[in-house]
Structures are given as structure tokens and as C-alpha cells.
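See the structures that follow.
Both of the next two complexes hold chain A, though its partner changes from chain B to chain C.
Right, the complex of A and B next:
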């Protein structure tokens, strides 16, 4: 074999070896554990913080009001659906206060008249005409409407 | 000339016609392909196989799902970035269709069209379909997005190179490019909650319980019963993505 071809061949082998070395060093250890992805990513995503803690956590302090809610039309509602995520509040109840919605617009997100809302699913009211000067919660207890 | 005559002989013609007819008859005995329920059968022998069901007849368009999703998953608050959102379809009497989704439905919907012009109107909550044959997973050049054994499509944000090819590939528009992380982001079906035995945040906080998720492997699960008893449909079944987001009472106009 001529010398120039030998040199070219050696260079080719060197490039392939370098590629294999880099691939070995750069591919994460867990890549290919379950499929064509980094297996460790599953645990990383599963470790994210849960922010909506659920009604059960609310009951432990606010049992009267949760019971009241569960007996009324709003029984299917989660507390945090209106009040916001409570993950900080459960750890620091005095420091981290939750949102207390009281605007007409907030109630209107579910209860304003819209032909697209199924009539059976929710009571609807024309919020522009129905006592426009007052807040809804003046007459309707949101926990027992 | 003689050879050519032989290949077109009567004997060969009957032979080929017989093979073709036999294949056709055999093909008719195969079960019909069902693009809607393609992914609703047992797929994960080791554990659960997750699917989602949304009942359009129950959705009141309050946008709580979209709002809670943003909080639970640190989705940027400004519009255009959504893992979960609600659209309002309005089909007018003149046949035209109007689709709106102001801030993904988070601030609620106001009907701007006169009630007299409306033929039909309804809300369609949307989110990742967690397809069993995800186009987004197929196009990822680095293996940063994948389907888990439980049938949940996830993104490895440490491995994503931000090429956005998957954003274009998703036929349902369920992916967005995260403006701060510079990687693609999407619904994980609240993987971190599901793994702890909780429901996804959007489902726990839905006031009318219009959305459920669960194990399609278990014939007694709420979602399996939902699929059996309702007239369910998936979005764009002709694309054969193996979508696992089943809608009850989905209008054919919905895209």
C-alpha cells in the first residue's frame, strides 16, 4: 500500500476512535436505560414541588368552613380553585395568607350568562343588571351560595 | 416475441387474478383500524397506562384548569405560554366558526356575538394529548422528549437543545418555547403529582369535574367507564397520533 494511503487510513481510524471516545464521555450514564432518552429525567420531573395540596390539608384547620362548603352547591369545588395554591400557607399559616376573591368578575367567570355554559352545570346570572352596585358576596355566602 | 406471449398467457392471467382476489378476501377478515380508540387498550404490562377524558357537556369555561396549571408548573404568566387552555367555539347561523381563547380562558369569557346569530357554542379545554405515537417525540433529534412506560410524554429540560422542531410537529399546538429556560415546555399530566398518587392540578380544581385522568389498563377505572359509556372522540384522528385525550360530545368542527 502506498504511503499516502496508509497515512489517510491512520487518520480515518484516529477520527473514528476520537468520535467513539467523545460519544462515551458526552452521553449521560442513564441514557438508554428505558429508551432513547435520559432515564434519570423521569426522577427529576417526578421530584417537582406539589403546590395544590388538596382539600384534605384544608380540613385539618378549617373544618367548619369546609364542611359548610361540602353541604352546599359548591360541594364539588376545591378550596384552592378559588383561593389559590396553598403549599406555602400550610407550612407558614400566619405568614402566607391565601387569596380571598370578592370581585363580581371573579364570580362571573363561572356564573355570568354565556350561551356556551351548559345550563345544567351552573347557575347563571346577568352580572351587569343583577344588583350591579353590590359585591356578590354581600348576599351570597360563597361557601354556601 | 414468443417469450412475451408466454408471460401474458391465459394461465398466468388467471393465476395473478386469483392471487389478487384471494388477498382482497383475506384482507376483509382483518379487524377494522380504529383511530379513535387506538391507544385505549392495554399497552403497559408493568403498570398503569394513563389517559385523559374531558366532558364538554360539563365544561363551563371558567378557566380554572388553565390558571391552576400555570401556578402548579411555573408556566410564565403572560399570555401565549400555556400547558393547558380553554377555547370557545361559536358556530354562527351563517355557518362561519369563531374560535376565541382570551388569555387561555384564565380571565373568563365574555360573549361578544349576539345571541340571535349563534347556532351553537361550547367550550373546548385543550392540553397535551399524550399520544401513543407522538409526532413530537419522533422528530426530536437528541432524545430530549420521550414517552414513559405509563404513556406520559415528557421533556428532559436538561437535554433539550431548544431547536423547537417538536413545537412545529405537534398537531395540537400543545408545546411552547419557555422564554427563560430556553427549552421547550409542555403538559406533563402533572407527572410529579401522579407519581405521588394525586390527580393532575387541573383535574383536582375543575369545579364541575369535567376532566378526569386515570389508568386505561384498569377496566373499572373512571376513565375506562367514561370511554365505554360516552360517545368519545379524539382530536384529528386522521393523523393517527394515538391520542389519549378523549372528549365527550366533541363537535366535528373542533380542530
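Right, the complex of A and C next:
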């Protein structure tokens, strides 16, 4: 076999060995602990901060409003669905105020006419014609519309 | 407005009809369009090179090395759009060290590596070895060091070992053809195997990708061949250029037939997804599919090349036509990838609504980033042509 082919072969073997060495050294330690993934990934994901706190957290301070909402058409909605994630507000209620949507555009996201949206499930209005000069919340209380 | 909602509202404003929440934003943007486009150029350029080597099309000889170096330059960049799309460059290699047979992407790593290391690098090395030995003795400075290292310290250029190199190079090319088919057929498989998406899920997808890859690769080498000869102020080998154009014409016919068959099949079957797909074609993809992909990128080149098979104007006119046709074909195939990748994400899996997509100029998924990955291979190619000039090679008859 000519010299260059011998060296090429050696180079090939070297690359394969290097690959195996790297595979051995660089595979994360917890890989394969439970399945084909890094075992530690579960703890890392669990350690992420939960940003949506849920309706129960709202009830502890705003029980009248939550009760009002639960008796109306919006009973199925989560408070944070309109007001946004409340994790900061729960910790610092005075400093971190939640979003209070009041625009026609905001209500229109669910209530404007959309043929693909079931009429029975969501009341729909032509928001261009329906009292265009007023805000929706002037007549409709969003917590009990 | 609360900034947390602002983004959502912007996204919702581009939605028509009913759409699931996870379908509003496209997960795969222009970088994922580039990935099959660049991989296709690699496979196509290599197949053109193998036409000369394995199928003995002698008139294509002037493009053989250019085609190989083009394939190599684009191959080096092929994974970069994926890495930049995922945004985890320090974890990108983990796909290689923790492979799993059920993951199509994990297998891609090995298909890619096989093609790059075993096929392309080896074939180029065998083809250049004699020249590397000669150049390592005549060149100076940086070039000399590179040539010396690449010749692996051996200066054996006896007729016996040259003949052996040629034989081994031939074997590598023969292995390379199914490998090139595998490489790009696999890219088609990634889309074709997604059964939840009727725009993608077809067994024809790997074949369509393969032939469109050949079309784009051949067109690219044709354009490069014209440009390189122009820049070097050399008279172009018209027989070679006519032959490339002839093969481009044949492959476009096959590609066009395959793609038409796929669509006819879709139309005839008219499954439940048919209505939304018709709306997709006549609406969101109107410009990119009907005008750019089919009109500008396929019918126009097909017609022009078809006419040139019978009527041959003067050489300089033919050259100009081939150049324009090559560019049009490349644009058309880019839009073919666009229509597959972007088109497949524009309609809801509920078949009741659409989202829309607007390419941003800047950002990690923007036009500029995509342009960078499209331009980088040309710089690599320029560097390779400077380091390993095909026109200074010792003539070898394969």
C-alpha cells in the first residue's frame, strides 16, 4: 500500500477515535438516567418560575370581584386571561399593578364577528357599528357582562 | 397597552378564520427555507460532477472540479442555518453524540458527516493529491504549508499510485451518488414524513426534493462556470456549457413532471384538506408558488432551454441566456423551498383558518441573517479556488 494511503487510513482511524473520545467526555453525566434525555433537565425545568398564579391566588384578596365573575358569562375565564400573568403582583401588590384592559379592540379579540368562531359559545358584535364612539365597558361590566 | 399583550395582539392581527394558538407564529422561518435550499445545491452540484466521472460525459470535464468545490463550500455552511435558527451553538453537537434512530434530525448529523468526510473530502483529496504534491514543492509561504499538510507528507506521484488514486476516487464517486441521493432525499423525508400536515405529507416529497436539488445544483454550477470564465477573461467552452444546459433541461422536465404528478394526485384525491390547500395556493402562495416557482423558476427556463435545443443563436447570446436562465432557476427553487416550508405552516391543522408571515429585515431569523448564510459559501468557494485553482491542475484523464 502506498505511503499516502497508509497515512490516510491512520488519519481516518484517528478521527474515529477522537470522535469516540469526545462522545465519552462530552455526553452529559445524567444523560440516559430515565430515558433518551438529560435526567437533570427535569429539575432544571421544574426550577423555572411559575408566572401564572391561578384564580385561587386572586380570590384571597379580590373575592368579591372573582365571585361576581364566576356568576356571569365570563365564569369560565381565568383572571390572568385578561389581566396578564400575576406572579409579580402577588409578591408586591402595591408596586406591581396588573393590566386593566378597557379598549374596544381588546373586547373585539373575542367578541368581533368571526365566522370560524361558534356563535353559541361567544357573543359576537360588529364592533365597527355597535356604538363605535363608546368604550364597551361603559355599558358592559367585564366581570359580569 | 401591557407589553405582554402587545405581541399577542400583533400576532392575532394576522390571523384569518379559526387557528390553534400554537399555529399563529411560524416556528420555521427563512433559515429553515435556506437549509433545504443549500443542501440541495450540494447534492445537485455533486451529481453534476459525477456525470463526468461515473457516467463519462466528457464534455462536462471543465466543470468537474468547480462542481466538487461548489458542493464542498455549500456543504460547510449547510448546517449553519439550523444552528442559528435553534440559537444553541454550544449544544448543537450533542445531536451527534447522543443519536437515536427514531429522530430524523439525529440521523441527519450522520448522513451529513458521511457525505462531507467520506464522500466529498475524499473525492476532492484523491483528485488533488498529485497537484498537492507538486504545488508543495513549488509554492511558498502559507500555501506551501497547507499543501504539505494536505499531501500527508507523502510525495509519491508514481504512475502506479496515481492510477490507484484515480481508481479509489472513482469508487468514492460511485458511493457518492447514492449518498447524494440519500442526503437530499432525506431532507425531503423530514417534510414528507410529517403526516399531520397535508401540504407536506406525501411519499413524493423525497423524490421532488431530490430532482429539484439536481436542478438547482446544476443551475448554480452553470452560473458559476460562466462567472469564473468571465472573471478570468477566458473563452468559455461552449460545448461544455451547452451540455450542462441540456442536462438542466432534462432534469427540469423530470422535476416538473414529478411536482405536477404530486399536485394532480392531490387535486384528484381531493381529501378533506383539499379546500384549505386550494385557498392556500390561490391566496397566500399566489405570488411565491404560481408566479415565482412555477412561472419564473420553471416554465420560463423550461421554454427557453427547450427552444435552445432546436435553435442555436450565436455563442455570446446563448451564454447570456444560460446565465439568466440559471439565475431564474435558482430563484425558482428557492421559492419552491419557501412554499414548502412557509406554505406548510400558513394554514391551521383545523383546516379552518390561516396565519400569515412577513419576513423581517433584521434579527436572528431575518433577511440579513439569511443573506449572510447565502453569501458565505461564495466566499469559501473563492478562497478554495484561490488555494486550489482547478485551472492549474495537472491534466488527468479519468
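In this text, the second predicted complex is superposed on the first by the 120 of 145 C-alpha atoms of A that agree within 3 Å, B and C clash if a C-alpha of one lies under 4 Å from a C-alpha of the other, contacts with A are read in each partner's own complex, and residues count from 1 in each chain.
Convention: contacts are C-beta pairs under 8 Å (C-beta built on N, C-alpha and C of every residue); 3 or more make two chains touch, one makes a residue touch a chain.
The model shown is predicted, which means the values in this text are computed figures rather than measured ones.
Asks: Could you tell me if A:105 is touching chain B, chain C, both of them or neither one (first, second, both, neither)?
Replies: A:105 contacts both chain B and chain C.
Asks: So in the superposed three-chain picture, is A:3 touching just chain B, just chain C, both, or none of them (first/second/both/neither)?
Replies: In the superposition, A:3 contacts chain C only.
Asks: Determine, under the contact definition given at the top, whether A:48 touches first (chain B), second (chain C), both, or neither.
Replies: In the superposition, A:48 contacts chain B only.
Asks: Who touches more of chain A, chain B or chain C?
Replies: B
Asks: Kindly classify A:85 by the partners it touches after superposition: chain B alone (first), chain C alone (second), both, or neither?
Replies: both
Asks: Go through the superposed model and pick first if A:116 touches only chain B, second if only chain C, both, or neither.
Replies: both
Asks: What is the contact status of A:95 with respect to chain B (first) and chain C (second): first, second, both, or neither?
Replies: Touch partners of A:95: none, neither chain B nor chain C.
Asks: After the superposition on A, what does A:77 contact: first (chain B), second (chain C), both or neither?
Replies: A:77 sits against chain B, while chain C stays out of touch.
Asks: Between chain B (first) and chain C (second), which does A:35 come into contact with in this model arrangement: first, second, both, or neither?
Replies: In the superposition, A:35 contacts chain B only.
Asks: So which positions on chain A get touched by both chain B and chain C?
Replies: 28, 31, 36, 84-85, 105, 109, 114-117
Asks: Using the touch definition from the top, list the residues of chain A that touch chain C in their complex.
Replies: 2-5, 7-8, 11, 15, 22-23, 26-28, 31, 36, 84-85, 99, 101, 103, 105-106, 109, 114-117
Asks: Mind pulling up the chain C residues that touch chain A in the complex?
Replies: Interface residues on the chain C side: 1-2, 4-5, 9, 12, 17-18, 93-94, 96-98, 100, 117, 125, 129, 151-154, 156, 160-161, 164, 168, 352-353.
Asks: What residues on chain A touch chain B, complex-wise?
Replies: 28, 31, 34-38, 41-42, 44-52, 54, 74, 76-78, 80-81, 84-85, 105, 108-110, 112-118, 121-122
Asks: Quick check on the complex: what are the chain B residues that touch chain A?
Replies: Against chain A, chain B makes touches at 57-64, 68, 71-73, 88-90, 107-111, 115, 118, 121-123, 143-149, 154, 156, 158-159, 188, 191-193, 195-196, 198, 201, 204-210.
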